[in-house]
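Dropping the structures in below, format is structure tokens.
Same chain, two partners: chain A is paired with chain B first, then with chain C.
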Partner chain A sequence: MTRSVFTSPYVLILPGFLLTAFIIVWPLVQLGILSTSDLNRFGVIRGPAGWENFAEVFADPDFIASAWRTLIWTAAIVVGSLAISIPVAIILSEDFYGRGLARVIIMLPWSVSLTMTAIVWRWALNGESGMLNSALTGLGLIDQNIQWLAQAGTAFPVQVAIGILVTIPFTTTIFLGGLSSIPDDLYEAARLEGAGRLQIFREITLPLIRPFINIAIVMNTIYVFNSFPIIWAMTQGGPANSTDILVTYLYKLGFRFGKLGEAAALSLIMFAMLLVFTIVYVRLAMRRESR
Partner chain B sequence: MDFKRIGNRFLAGTALVAAALVPLASAQAQTVRVTVAEYSSLTGRYFEEAAAAFEAANPGTDIQIEVVPWNVLLQTLTTDISGGVNADLSIIGTRWLLDFVEQDIAQPLDGFMDQAFTDRFIPTFLTPSVMDGQTFGLPVAASARAMYYNQDLLDQAGIDRPPETWAELAEAATAISALGDDIYGFGVQGNEVETDVYFYYAFWSHGGNLIDPDGTSGLDTEAAYQAAALYRDLIDSGATQPGVTSYTREDVQNLFKQGRVGMMMTAPFLSTQIRDEAPDLNYGVAAIPAGPGGDRGTYGVTDSIIMFANTEVADTAWAFLDLLFTQEWRSKFTGGEGFLPVNAAVAEEPAFAEDPDLAVFASVLPDARFAPVIAGWEEIADITSSALQRIYLGQGDIEETLNDAAAEIDGILN
Partner chain C sequence: MSAKWKRTLVAWALLAPLMLVILFPFAVMIITALKPQEEVLSPTWWPSRLAWENFVDMWAATEFGSALWNSIYVSVLAAVAALVVSVPAAYAMSRYTFAAKGVFRQFLLVSQMLSPIVLVIGLFRLVASLGLLNDVNALVLVYGAFNIAFTVWMLQSYFATIPRELEEAAWMEGAGRFRTLIVVFLPLALPAIAVTAIFAFINAWNEFVIALTLLRGQESHTLPIRIFSLVAGRYTVEWHHVMAATFVATVPVAIVFAWLQRFLVRGLSIGAVK
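This part shows the complex of A and B:
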């Protein structure tokens, strides 16, 4: 039996590949051109610039500071949301009265736009008329208003906490899917053998949802690394660039200062960072699984 | 592609038929696209009304108004221009104008303007849009800054008149702050756009210049050190609201409207907001206090409406501008938005001439300074704001922080 050329896997993949190439490769090529060109304020190419835009970005102290902060931002939110979502998902996958309602409540933050959430929090965190300060005062926890967004020392941790809060629904959903794929008889067998809850979790649940944890880590890292609205709506990276992450810094560079060449270079640097992370992580995860 | 050629032929054919059917060339539909900044909820409605009036008077024209929020205006214009899909007319901040002129994006309007048209404007507001003797924009909105004070709080603190010098302001602020836990003497803006401007009020009063005569930043001068020290002392002694680095101008204005701040500097639109939101507030407007040497300074701002160099409907676009700058339409806009009149005839209307708040703003205009016409001004403003935020937070020595910022700015200026 001869195979038609039209059922060759390469031909079948072709339409999808072309679409992906159009969406991903074409902008990348454009970015590559822009980042190595001398651009005017409005993105018109004046001439070649070589690696000058990249050199400018790397020489900028704000870039280095934002890069470190992005690392902390991403790691804290990804780990934090993971640590909360796993127990939440386990509880939600158990059968109890009002489970439907509990699931809805956990998923609720997902249905509100990120910018809206951030703006509501900005009001809540207002030093003088914010809900949080009046609640804390009412509970007798503080006797003086805290100016949450006035300095990075309080603003950034709060932003990370909000980041975790809005990442939980998605992460929990992934784990709920993962937990439902574990057959019940494994648990029954374990209980018959006399395993404790912690033992069941460590020996059965955790290994079996490991692929889902990997997915959650990779996808959340990509989302959170590029997440703009929370920080922008709350502090615009301020005061004095002390809450800037790369993506807010990128916005300032491109649209406030009009340095579009440097902005294009920075986007490529960010893309490279994410790409390297994803490849390394996926390889490590796969190697561990195949072992 | 062949489709394109067919499309072009089709278009050309339609155009021919249309030309044959319509004997007068002037009757061809002329579409003018106008990008306008959204100053308030009234802006869009105002421009739609003006467009409708223009279309009624000029059959065959179509004015398309695109309303863009202020804080994304520059971004929208940048992407539109780089994509070649910009409108024919646009409102821009006059401080961006140099970039638009240098890149040949805005075209000079002198060819359309005659003396009678020029005479419609108050010269102070038209000059910022003139570069190298050519007019590249028409001032569509103008404001200056003055000091708002809460009369009741001054009375309670036993102060009989609004402060006239910064020393008096510091004294009054301390006295008002002592009135209660939720009352603050002097509202200081320390966050987001114009954080630098809020500092310039004191900086100029102490004799400082943004750009010194030798072409370098004026932040490393005695005037800047003194002004920054003044603000920091006020902040440290609790004479301002706490946490100034989280307060935007709107946040401080809100405190003022709630009657919780004794004094603040801002633009005339606060009067409009107080009229609508806090009509019982007993407030007054005075000039920004003078420095130790008697210097005064306030910030003047205009927004300009420009015509793009690549427009194909320049004459119709100009005719629309001509309508917008008639007394009737200017009067409607200026009154609705709470700006200063830019049109001399509008300034003489009783609604503006007899308004006590606007009278103060008009009187400070001779001291008004506009943002310097420098490429990269936004970045300089950002560097200045960041340095000030560090000072307000008490991070680092005042002189050192300002000197570092000045050195960074000098790098951009050269």
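This part shows the complex of A and C:
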């Protein structure tokens, strides 16, 4: 067997490492520099600013409001999609006629760009001409049109619901993989012992798919926390900033208000939040598993 | 009634409400795309006739062709770029044990956490300093790099299922490692590589925030940005054009995705627990 320099593992991973590092580490370093500098609105550095940018972000009431809304947004979508995806995955792993078609339909939202989904919903939710209002009127559920996206009270909950809808396919996929890893004889043995459906779910299915639940929670939290298109394409954070989450607030700060230093500081704060969440969660999940 | 028919009935009945909500926007999109212009603003379900001319009008009015070409160009090249660097990396991760393996895996995981949106300010400055603002090639570079973690993950879990014996047999015959990799391993890995490439393509096809930030001029728009620009900040929106454009931009990709989604179940979940 002849060894070649091209088959050393370090040579093989090098291009991938370099490209990722170039596109990710370089901007990260830039964020570090910008966040501690005093910038004019064209991004030209005027001098060092210490922690000024960070202090300004934390003092901004819009930041506090967006941060709370991000917490609600992320928690509601992650928990909501989990609660729906587990039963859906269990149903889809049963053997029934038309299962292939059912899987395709459930997976559909994943294949469409979030931007397009959001734009179609924006039209469907239109107050006067939207088909949701006309469908609900037709069913006799409402007697006057609801301005879904024009008022704070309905806009954000509707966006959370759409967020849940588009998160279900990925989450279900993870659980389908998890369920297929449980050997059938376990279920049969339990049934022979006279275990009921609920008992089987609690005693066998749930513990065995726990690692998959953990993966779904960590990955969905990262994705949902960073999810931009649904809110941006539907309301751009409006009306009156009432649907802003951190990512849309960040975008406005950087590209609308031209506060690049504060935006860079906010980016780092957001990255730190995700990092802390992931580390704490992985620790907790590992401790529970080792018990 | 047999047990399977009973299960079928229960399963479809339980899934029906969710399916209704999933299919509703698709119905809205298709119906609006086929409504004659004067009926678009009245929220009736059925158009009086099918206005196929909407698609032709939309194509000219939105300059759809140039955006379509940009999207194809960016997505194909981004997928190729990601695959060219991911295939060797995934091969190393599935066939070798080496000191930096764990570190590299952590590095990819953290790179997932640093999503484009968190880095968008830094990326903007990087691309500006390279002189690539408004240039679709900047998207190729950024999408390619951000896809690497996903493609390495998918490829690695498939590569692990390809038996080593064939490669070992080739070594016995005196073929070098590099030759074996090209002649024996790659042909076996081709289906996995193709599937992963298609998913990388779809990721790039659907991306929004980076394109929104880096592309300012009309001529460099990709499809999501072009369609967004038909809606955002306009007083009157030609919804039948928007929905026709959304339909053309969405349906071909959705069909391919529906056809390939079962590979995702395997790839993601095997990769997830290993």
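Going forward, the second predicted complex is superposed on the first by the 265 of 291 C-alpha atoms of A that agree within 3 Å, B and C clash if a C-alpha of one lies under 4 Å from a C-alpha of the other, contacts with A are read in each partner's own complex, and residues count from 1 in each chain.
Basically, a contact is a pair of C-beta atoms (placed from the backbone, for glycine too) under 8 Å apart; a residue touches a chain by one contact, two chains touch by 3 or more.
The shown structure was predicted, so the numbers you read here are calculated from the model rather than taken from an experiment.
Trainee: Answer with clash or fit: chain B and chain C placed together on chain A by superposition.
Mentor: Clash: chain B and chain C overlap once superposed on chain A.
Trainee: Hey, is it chain B or chain C that touches more of chain A?
Mentor: With both complexes superposed on chain A, more residues of chain A are touched by C.
Trainee: Is A:R287 contacted by the first partner chain B, the second partner chain C, both or neither?
Mentor: Neither chain B nor chain C is touched by A:R287.
Trainee: Quick one: classify A:G43 as touching chain B (first), chain C (second), both or neither.
Mentor: So A:G43 meets both chain B and chain C here.
Trainee: Can A:Q236 be said to touch chain B (first), chain C (second), both, or neither?
Mentor: A:Q236 contacts both chain B and chain C.
Trainee: With both complexes overlaid on chain A, does A:I174 touch chain B (first), chain C (second), both or neither?
Mentor: second
Trainee: For A:V104, select first, second, both or neither according to whether it touches chain B, chain C, the two together, or no partner.
Mentor: second
Trainee: For A:F255, select first, second, both or neither according to whether it touches chain B, chain C, the two together, or no partner.
Mentor: A:F255 contacts both chain B and chain C.
Trainee: Quick check for you: in the superposed arrangement, does A:F228 touch first (chain B), second (chain C), both or neither?
Mentor: A:F228: touches chain C, not chain B.
Trainee: Can you list the residues of chain A that touch chain B in one structure and chain C in the other?
Mentor: 43, 128-129, 236, 254-255, 260
Trainee: Show me the residue ranges of chain B that touch chain A in the complex, using the header's touch definition.
Mentor: 74-75, 77-79, 81-82, 99, 103, 105, 182, 190-192, 241-246, 251, 254-255, 260, 375-376, 378-379, 382, 385-387, 389-390, 392-393, 395
Trainee: In the complex, go through chain A and note every residue touching chain B.
Mentor: My answer: residues 40-44, 126-129, 145, 147-151, 155, 235-236, 238-241, 252, 254-258, 260.
Trainee: Where on chain C is chain A touching in the complex?
Mentor: Touch residues, chain C against chain A: 4-5, 7-8, 11-12, 14-15, 18-19, 21-29, 31-32, 40-45, 81, 84-86, 88-89, 91-93, 96, 98, 100-101, 104, 107-108, 110-115, 117-126, 141-142, 144-146, 148-149, 152, 171, 174, 176-178, 181, 202, 205-209, 212-213, 224, 227-228, 231-232, 239, 242-243, 246, 249-250, 253-254, 256-258, 261-262, 264-266, 268-270, 272-273.
Trainee: Contact residues on chain A for chain C in the complex?
Mentor: 1-4, 6-7, 9-13, 15-17, 19-20, 22-24, 26-31, 34, 43, 84, 87-88, 91, 94-99, 102-117, 119-124, 128-135, 165, 168, 173-174, 176-178, 180-181, 211-212, 215, 222-223, 226, 228-229, 232-233, 236, 247, 250-251, 254-255, 260, 263-264, 267, 270-271, 274-275, 278
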